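First subunit A sits with subunit B, and in the next complex the same chain sits with subunit C.
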Partner chain A sequence: MANVLEVKPDLAQAQCAEVGASKFCPGCGHGTILKTLAQVIDELNLNERAVFGCDIGCSLLSWNYMNIDTVQTHHGRTTPVIYGVTRANPGTVGIAYMGDGGGLAIGSQHLVNASVRGENMLILLANNTNYGMTGGQMSPTTMPGQVTETTPYGRDCSITGKPAKGAEMIAAIADPEKSYVARSTMGNVRGLKKVLKAALENVANGGFSFVEVLSVCPNNWRTNNIKTLERLKEMEEFFEVKEFITPAKKEEV
Partner chain B sequence: MTMTKEDIKYTGIKVENVAKGKADWYLFNKLCKSCYLCVAKCPVKCLHPIEEPNKDNSELGLFETPVVKPDLEKCIGCGTCQMTCPDCAIKVQRK
Partner chain C sequence: MVKKLITQDTRMFLTGNEVIAYAANAAEAEFMYGYPITPQNEIMHTWCKLLPKTEAGFLQTEDEISAGFSTLGGILAGKRAFTATAGPGNVIMQDAQSMAEMMRLPFVCAVMQRGGPSTATVIYAQQETRLTCFGGNGEGFRIVYSTAGHQDLYDYMIKAFNTAWKYRFPTYMLADGYQGKMREPVTLYDPASRGISMVPTEAFLRAEGKIGVDRDATHLRNTFNLEEELMEHLDVYKEEYERISPEIEEYFEYKAEDAEVLVIAHGIVARSAVTAIDELRAKGIKAGLFRPITIRPLPVNPMRAAVKRAKQVLFTESANGQLAQMCLEKLYGLTTPYSTLFKMGVGVTGDDIVSKVEAMVKEPATV
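This part shows the complex of A and B:
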């Protein structure tokens, strides 16, 4: 028999303990991102105020991950549902969680309009450069030359165009007075935590935040542990990891 | 009745006194999915998948794949594996 341990895992208050292991594949980046998000919610004491919305795609498997109010929405419509919630109940901290398909493909209209209007919410976009749940097809963010199910010889940019860069796009159109726009990576958990903390603080003060997190998909990339992290390094070089707009720094100047 | 965090019992592996007695290392095998990201991220490369697991399932993870274990001599108790694990399966408790 396996021995029962006297200690408990290091779960945050905002994480649901009774469901046991999460529903994601082994090595999935969603686990790291959501774990860090839950820790940040605990640190900022937002457990009562936060509302979590998840999209269709792999990100919907987070429907029972968080121990806070959760709503599961239509594909790409997490953004309007969450800003509807925050408009109806001022003071709520809305978190819209989506993948690159839900945010930059089918949901890009809502993403653009929400960021132009500066809605009071956090949009958290996990970018793993393919459509994970349906078997790893090409997505808007697939890197040039990357092999996916629908680009078996590598993505050819002369036919399919260039990859979408979400954080740059939002930084160009968002209101610089009260927006926080950044790109982070799950390869650097401490950096991710810092970015999520700044983003949630901005939302709690009434601003708009957009964070794109570079994530991994070992199952559909068909990579082992070491090659997964090598691919993540390539992504960090292609997609620039930095803070694009920070409202707090402008106030100091 | 809903279960709380305190009611749930976790089974797993305990490695005592890693890093010259500075910490205890725990692994919860009902949470480990054997992705081995911790093996790739470990700064001193002391984590390894168990090559011949026990027959009583005590060294198998959620999907009945071998879990990892640190070398007692090499581990420095830094906690990188705990931070890397996407499923919170590892805990490094400093004394």
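This part shows the complex of A and C:
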């Protein structure tokens, strides 16, 4: 048994070995998403071309998680920092990693404009339907009826409006010629890997990619393993998991 | 590598905003990020018009928040990048400026002050003095040059890049729309011809080499886990800031040596003061000027010496004493009385200063 525990996990080159166990809460989705991202970076051999930016939110804990050049920014501001980098240094594969609050609330003007302009970068948004870092308040993607600290009786959409659907919104405004837009889920890691691969390939070829990943926040949801996965299933029904725009598919038509 | 347009001394009749764009090119600036706001627009316009010749880069962003943060991105990529803004734009750009302060990024910004608070007026004020020096949720570890005319705009815009990249504190050229929009003769030159070489830039991200083989991955952050960890960093910044301040501080004195009434003013108001002083001297009143060029850090020792020599001091500004507040703190312990001439968001003329000083001579200040 001791031997089993001593076996090192097979980490991607693009993930920092020194950081050790995940800094996220047990069961958190951020770790799964980032681990998968690191594997894809390895597979596409982007380790030296990639620049990883993390937002403020629980994503900030990833500031030394990836074994690639990283800059942690301010809440909502990872998108402009990263397109600032890629504009100034073309050929960089810029990755802006953020939560649903960072992407769809405080940084939404950057998300909208970067998508419309087709900035050469991947915007990777972990949607856990709340503000994890600040203790579980309502976010733009909190589902109808969902209990959060600021919707203690459940989200009442007649007051708050309906949840934001990031991927649909970006698919409607992004340039279909050069964009890859998808929603994936950490509930299907193989699917997630495929999506991240397509997204990063598109960025490496000069395009713009937006990927929303349905994620979990057992800490603020106050859910055990079973309830967490049940909630994720509900999210997968509410937020359609699919590729919305793929530059490749367009060529086939 | 950008192409430099000015290779020999060239006398031109330009607006200040045009001068700034030429200066940025002379300083080999590679990228400008910006969002339109009066009175700085023509910096962007000129920069864009020159792009085919300079082969530099430009991005018009969605707001000043992104102009500030994408400028940081450009700098992280190792480019001599800059931005320019004013008024409410300067307000919302503070977020990025405080990140630059925390991460010691060589951020360069031309601030062309306009009236405030709020949208106010679009051409002139000195009301962003405090904001530019101390904005953001930080300690004001910034370097701010306040210019008083077109030659200054050229000289200090070039200098701002070198100060920023040498010392790694955010550096500003603080001017206003009068300077930006006015046309004056100015001599543009290649910095090399004045013995100025540009401090080389370096990439903070994507440096040479294979990660894990030639170098470690770079991890840059602005968040800390512990209060003490933060203070450790800030203590170092403070020590460095104080140590380099004497190298950076600049000031200009005009007939201050024997002045009985010492005018303290910065920026274009200091220019009105020079004409006023000539007029007052012709009338037999010994007036003089102390103009801090770096308003952050302030040239404290020479300012204290000048104030000590004088019988009275006059602070005058197109604001309600933003510079005066900063100076008074540094003049603690001196007993020279002072008076004020503050016109919030309005130009201070030579005549204004002449009448004020005459009144002070008749009835000396008591404060």
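Criterion: the second predicted complex is superposed on the first by the 245 of 253 C-alpha atoms of A that agree within 3 Å, B and C clash if a C-alpha of one lies under 4 Å from a C-alpha of the other, contacts with A are read in each partner's own complex, and residues count from 1 in each chain.
The rule is simple: contacts are C-beta pairs under 8 Å (C-beta built on N, C-alpha and C of every residue); 3 or more make two chains touch, one makes a residue touch a chain.
Quick caveat: nothing in here was measured; it's all calculated off a predicted structure.
A.B. asks: In the overlaid three-chain picture, which partner chain does A:Tyr131 touch, first (subunit B) or second (subunit C), both, or neither?
C.D. replies: Once the two structures are laid over each other on A, A:Tyr131 reaches no partner at all.
A.B. asks: Name the contact category of A:Leu11: first (subunit B only), second (subunit C only), both, or neither.
C.D. replies: First partner only, subunit B.
A.B. asks: Tell me the contact category for A:Phe24 with respect to subunit B and subunit C: first, second, both or neither.
C.D. replies: first
A.B. asks: With the two structures laid over each other on chain A, which partner does A:Pro218 touch: subunit B (first), subunit C (second), both, or neither?
C.D. replies: A:Pro218: touches subunit B, not subunit C.
A.B. asks: For A:Ile226 in the superposed arrangement: first (subunit B), second (subunit C), both or neither?
C.D. replies: Touch status of A:Ile226: first partner only.
A.B. asks: Taking the superposition as given, does A:Asn47 touch the first partner, subunit B, the second, subunit C, both, or neither?
C.D. replies: In the superposed model, A:Asn47 contacts subunit C only, not subunit B.
A.B. asks: Where on subunit A is subunit C touching in the complex?
C.D. replies: Within the complex, subunit A contacts subunit C at residues 13, 16, 47-49, 51, 56, 60, 63-64, 66-74, 77, 79-89, 92, 109-110, 112-113.
A.B. asks: Within the complex, which stretch of subunit B touches subunit A?
C.D. replies: 2-6, 8-12, 14, 26, 28-31, 33-37, 39-41, 56-58, 62-63, 82-84, 86-89, 91, 93
A.B. asks: What part of subunit A is in contact with subunit B in the complex they form?
C.D. replies: 1-5, 7-11, 15, 17-18, 20-22, 24-32, 35, 189-190, 218, 224-226, 228-229
A.B. asks: Using the touch rule from the top, collect the residues of subunit C that touch subunit A in their complex.
C.D. replies: 30-31, 33, 57, 59, 61-63, 65-74, 76-79, 81, 95-96, 99, 203-207, 210-212, 217-223
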